[in-house]
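Each of the next two complexes has chain A plus one more chain, namely chain B in the first and chain C in the second.
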Partner chain A sequence: MTAARHTLYTVLSIIVVTLILLILPYLGISAFMISFLLSVYIWVTLAVSWNILSGYTGYFSFGHTAFFGSGAFASAVTDYYFNVPYFMTIPIAGAVTAGMAAGLGIVTFRLRRLRGQFFALTTVVLTFVSSIVVINNWGDGIVMHSVKAFWPFISIPHIFYTLALLLCVASISISIAVYRSKLGLNFFAIRDDEEAAEAIGINSFKNKMIAFCISSMLVGFAGAVFAGWVKYVWPETVFNLNYSLFPILMTILGGMGTWVGPILGGVILTTIFQIVAGGEAILNNIILGSLLVVVMILLPQGIYNLALTGYRRIRPLSRQTP
Partner chain B sequence: MMSLLKLSNVSKSFGGLKAVNNVSMEIPPNVIVGLIGPNGSGKTTLVNLITGFYRPDAGDIFFKDEKITGLKPYHIANKGIVRTFQLTRVFKQLTVMQNLMTALNSHEDFQGKVSEILDMIGLQGKANTVAQNLSYGEQKLLEIGRALIKNPQMLILDEPASGISPTIVNKLSEVIIELKRLGKTIMIIEHNLRVISNVCDTVVVLNHGVKIAEGTFSEISTDQRVISAYIGE
Partner chain C sequence: MSWMPSTTAIMQSLLTGTLVGGYYGLFALGFTLSWGILDIINMSYFPFAVLAAYITYTTITILGFDPFFSLIFSIPSFFIMGVLMQIFFNRFKIDIFRSLIITFALFIVVENTLSYIWTADVRRAPVGFLGGSFFIDTIYIPIGELIAFFVGILIVLGNLIILRRTKLGLALRAVAENREASAMWGVNYSRTALIVGGLSMCYVAIAGMFIAVFYPFTPTQGHVFIGRIFAVTIFGGLGSVTGAFIAGIILGVAESVAATLFSPSWSPLVAFLLLMVILVVKPTGMTQR
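Entry: the complex of A and B
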């Protein structure tokens, strides 16, 4: 299959799946199902965006919580204090979190000797610093203005369902586009050997900045969509460490560094949490902890890579050249 | 004669150790230069200085009469000096073809270039093999291929023949000579003196960070300072 046809098939399948999911709420599925799918979309967005930075470039981030919370509060603050229409607060939230990533990246990515672990540590620090700033200023939370339903058939849940779906599809599309482009190759080269990448002319600083900003911007959008959906934005809900940890677990479970992995892992884990724990927070954490250990030991390469290896083994040898 | 690469009084210390001490040299275009010396004589440090991985404490480096001292490695690579590493550093999780493509600036006409390089390094049948599944020697060739696809004016090879089979060493010598024919300038660090004597036009000898001799292989192999550096007083 040629690359152009491959791209065409990918684009077509994304469009078809998106259209089906878009009309799903109008086919009479339950309110519970709508809110469940909405949470799937948000988690998949978080996992996919984490993978763009950490899966592709190898720089492990624990900063998703910082960006998710900041995105949610950027949306709430501009909505509540500045009366910015809700839909405008979403790009603002993305700009705020991308700006935070750029600020942190300029400091940490420039220091040549402080690589992986140091970066991971600074993302943890960013999480605490940003949550403290928010708690000090808006510790009691913010109640956002109501979003108006457009016309009789598009109710508020439908609006947020659609927003989350579109965000999720956009994240996946960006993730695939990066994966298949020269930009993606640069990221993978940095992941495998940063010095060797520099030696053949790849500007690692610039590429890491791009990855970090794209990733954080998507998380900021997700935070804003979540804020509008729950309407009451409270620091302890949006600065929950689960927003850093779940996407990591989802991506590793699905297959880190592939574009399919985080989608697979996001869907599977959100479903498991819903079925087993019914969204119960403490149970979720117990499941998270045990799963993290089990996945790391039994399945470090992820479901997708495992399936791929299995498929290559059963596929006739003559067809192995793509 | 205009020099392609010029080092003037370059020095680099690590703590109290003078790894490279006041080294000057000029490399004209289209030659193969060998850089030899005992272990710890500063050869790899010198390469790191030329390619921007280290910044010299003193002295300047010029490439095509342009000062490149202190530029970042990727910047120097894009100016036309590409290096390989002593222990091969291919991108292990990428295929041979992807490894080659990382060094290109765009996707345009990559297929022609990739197959040309694959022919040259003899890895035609392995374009879709993941690099970590290659033998060590093949990885070395791939690393050279990845440097070549950038079409650099100058190529610096850090111990290309270490740890690989004699057949691949021969293949490597062929590739190096072919590159000179194509107009490239090549600097080779190597302990395998047979390779050095086979391919190099001139040889520079370092000892304790100081340049102690420069000349053709037969000249330096009779040089008393070189012999004592290698064998001892």
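Entry: the complex of A and C
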């Protein structure tokens, strides 16, 4: 299969799946199913965006909570205080989080020593600092203006279903495009050996900034979509540490550094949460934290890579050479 | 110029800042040891400190003992937990990045277990004379903070003596310098690591006890320290006990002055700014270990 045909098949399959999922709400699926799929899309978006930075370039980020919360609050604040139409607040939220990422990146990506560790830590600190800033200003939360249903959307859940789906498809497409492009090659070179990458002329600072900004912008969009969906934006919900933890768990479970991994992990885990979640959030978190430890120890390469290895082993040798 | 704080206010904020900063230094000790010597960034120390605070709270409210008495329970149990954790890290050869993820997961597990056992209610331990204070002239001096400060100094001195004068200290410095080379000279890394892991958790237990003394706390009380402790650890230089203590005092004073000049609710931002400035200016921290 040539590269061009491979690309064509990928694009076609994405379009077909997207179209099917787009018309799904009009086929009379239940309201529960719509909200469940919506949460799947948001989680997959978060996992895919985490993978674009951390899976591709190897820089671990714990800052998804900061970007998700800031995106949600950027959307809510512009909507409530400045009366910006809701759909305009989504790009604003993305711009705000990408700006935050750029600011943090300019400082931490310039380091020569211990850069990965310091980057990871500054993202942790950013999470707590951004939540403190938000709590100091809007600690009681913000109730956003209602979005009106318009043609062809029958009701408000349909609007947000479509938004989340489009966002999810966009991030997956970006993730695949980066994976296949020269940019992706640069990212992988940085992940494997940053000194060597710089030695062959890759501008590691620029590439890391691009990865970080793309990743956090997508999270900002997701935060804004979530804010519009829940309507009442409260610091404790949007600055929940789970928004940092779950994308990591999903990506590692699915397979880090591959574009399939986060999608796989996101769908599997969101389904498990929905079944297990019952009610007790505390017990759920205990189970999930333990699960992450177990996955890190027993399955660090992820389901997708495991399946790939298994497939290569059972495939007849004669077909192995392309 | 009415907006200028008075000399007394400035003196007061300097003193409070020094005392609180000493406490930050005390809190950062376990963190800097584990990071600098073992290459383990242990996020789970924060909820474990809160666990120590709950142990103190329970000791005071149920048994009616002095806060310091709780250390009899918490120090041995924390030492054992630290050793067990380190056995786990050694067994699976956890490197620094996986340590971040795994301890972050532990962070969630421990914190939620705390919420499960003690619920999210705010607890305030009746701490007796530790909650008291006295005045020197017009300067207000809280007793609890003063004691934490001196405990911090004692621990730093104790550590310095261990590091400089004993064979264990020599082994620790060798491991921190170069793990492979020290193994060639006959340092048993896993045994040294177990001791450091246990010791770090003991410091966490002591720091956690003071959480119960100083603050009304909830299971998520550890969050307020994360930014500060990271800033202090990096500023002080990884693995440097003295550096962490001095960096803690600097951060404490900076926060306290900022709180006097602006508003107390913004003081966590000081740590973040300090961290950013250090990372730009001198990412290796101010001291070598």
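Everything that follows uses one rule, which is that the second predicted complex is superposed on the first by the 315 of 322 C-alpha atoms of A that agree within 3 Å, B and C clash if a C-alpha of one lies under 4 Å from a C-alpha of the other, contacts with A are read in each partner's own complex, and residues count from 1 in each chain.
We adopt the following convention: a residue touches a chain if its C-beta (ideal position, glycine included) is under 8 Å from a C-beta of that chain, and two chains touch if they have at least 3 such contacts.
The structure presented is a predicted model; accordingly, all values stated were derived computationally and were not measured.
Chemist: Please indicate which partner A:Leu292 is in contact with in the superposed arrangement: first for chain B, second for chain C, both, or neither.
Modeler: A:Leu292: touches chain C, not chain B.
Chemist: Which partner does A:Leu283 contact after superposing on A: first (chain B), second (chain C), both, neither?
Modeler: Second partner only, chain C.
Chemist: Answer with first, second, both or neither: which of chain B and chain C does A:Thr108 touch in the superposed model?
Modeler: A:Thr108 sits against chain C, while chain B stays out of touch.
Chemist: Please work out whether A:Ala120 is in contact with chain B alone, chain C alone, both, or neither, and reply first, second, both or neither.
Modeler: second
Chemist: Is A:Met88 in contact with chain B, with chain C, with both, or with neither (first, second, both, neither)?
Modeler: Once the two structures are laid over each other on A, A:Met88 reaches no partner at all.
Chemist: Which of the two partners, first being chain B and second being chain C, lies in contact with A:Ser204: first, second, both, or neither?
Modeler: After superposition on chain A, A:Ser204 lies in contact with chain B alone.
Chemist: Going by the contact rule stated at the top, is it chain B or chain C that touches a larger number of residues on chain A?
Modeler: Partner touching more chain A residues in the overlay: C.
Chemist: Is A:Leu241 touching the first partner chain B, the second partner chain C, both, or neither of them?
Modeler: A:Leu241: touches chain C, not chain B.
Chemist: List the residues of chain A that touch chain B in one complex and chain C in the other.
Modeler: Correct list for chain A: none, the interfaces share no residue.
Chemist: Would you tell me which residues of chain C are touching chain A in their complex?
Modeler: Its residues touching chain A are 41, 43, 92, 96-98, 100-102, 104-109, 112-113, 115-116, 223-224, 226-227, 230-231, 234, 238, 265-266, 268-269, 271-272, 275-276, 279-280, 283-284.
Chemist: What residues on chain A touch chain B, complex-wise?
Modeler: 181-182, 185-186, 188-189, 191-193, 195-204, 257, 321-322
Chemist: Once bound in the complex, which stretches of chain A touch chain C?
Modeler: 60, 62, 107-108, 110-114, 116-118, 120-122, 124-126, 128-129, 132-133, 136, 241, 244-245, 248, 252, 282-283, 285-286, 288-290, 292-293, 296-297, 300
Chemist: Which residues of chain B touch chain A in their complex?
Modeler: 51, 53, 72-75, 77-78, 82-85, 89-94, 98, 101-107, 128, 143, 146-147, 150
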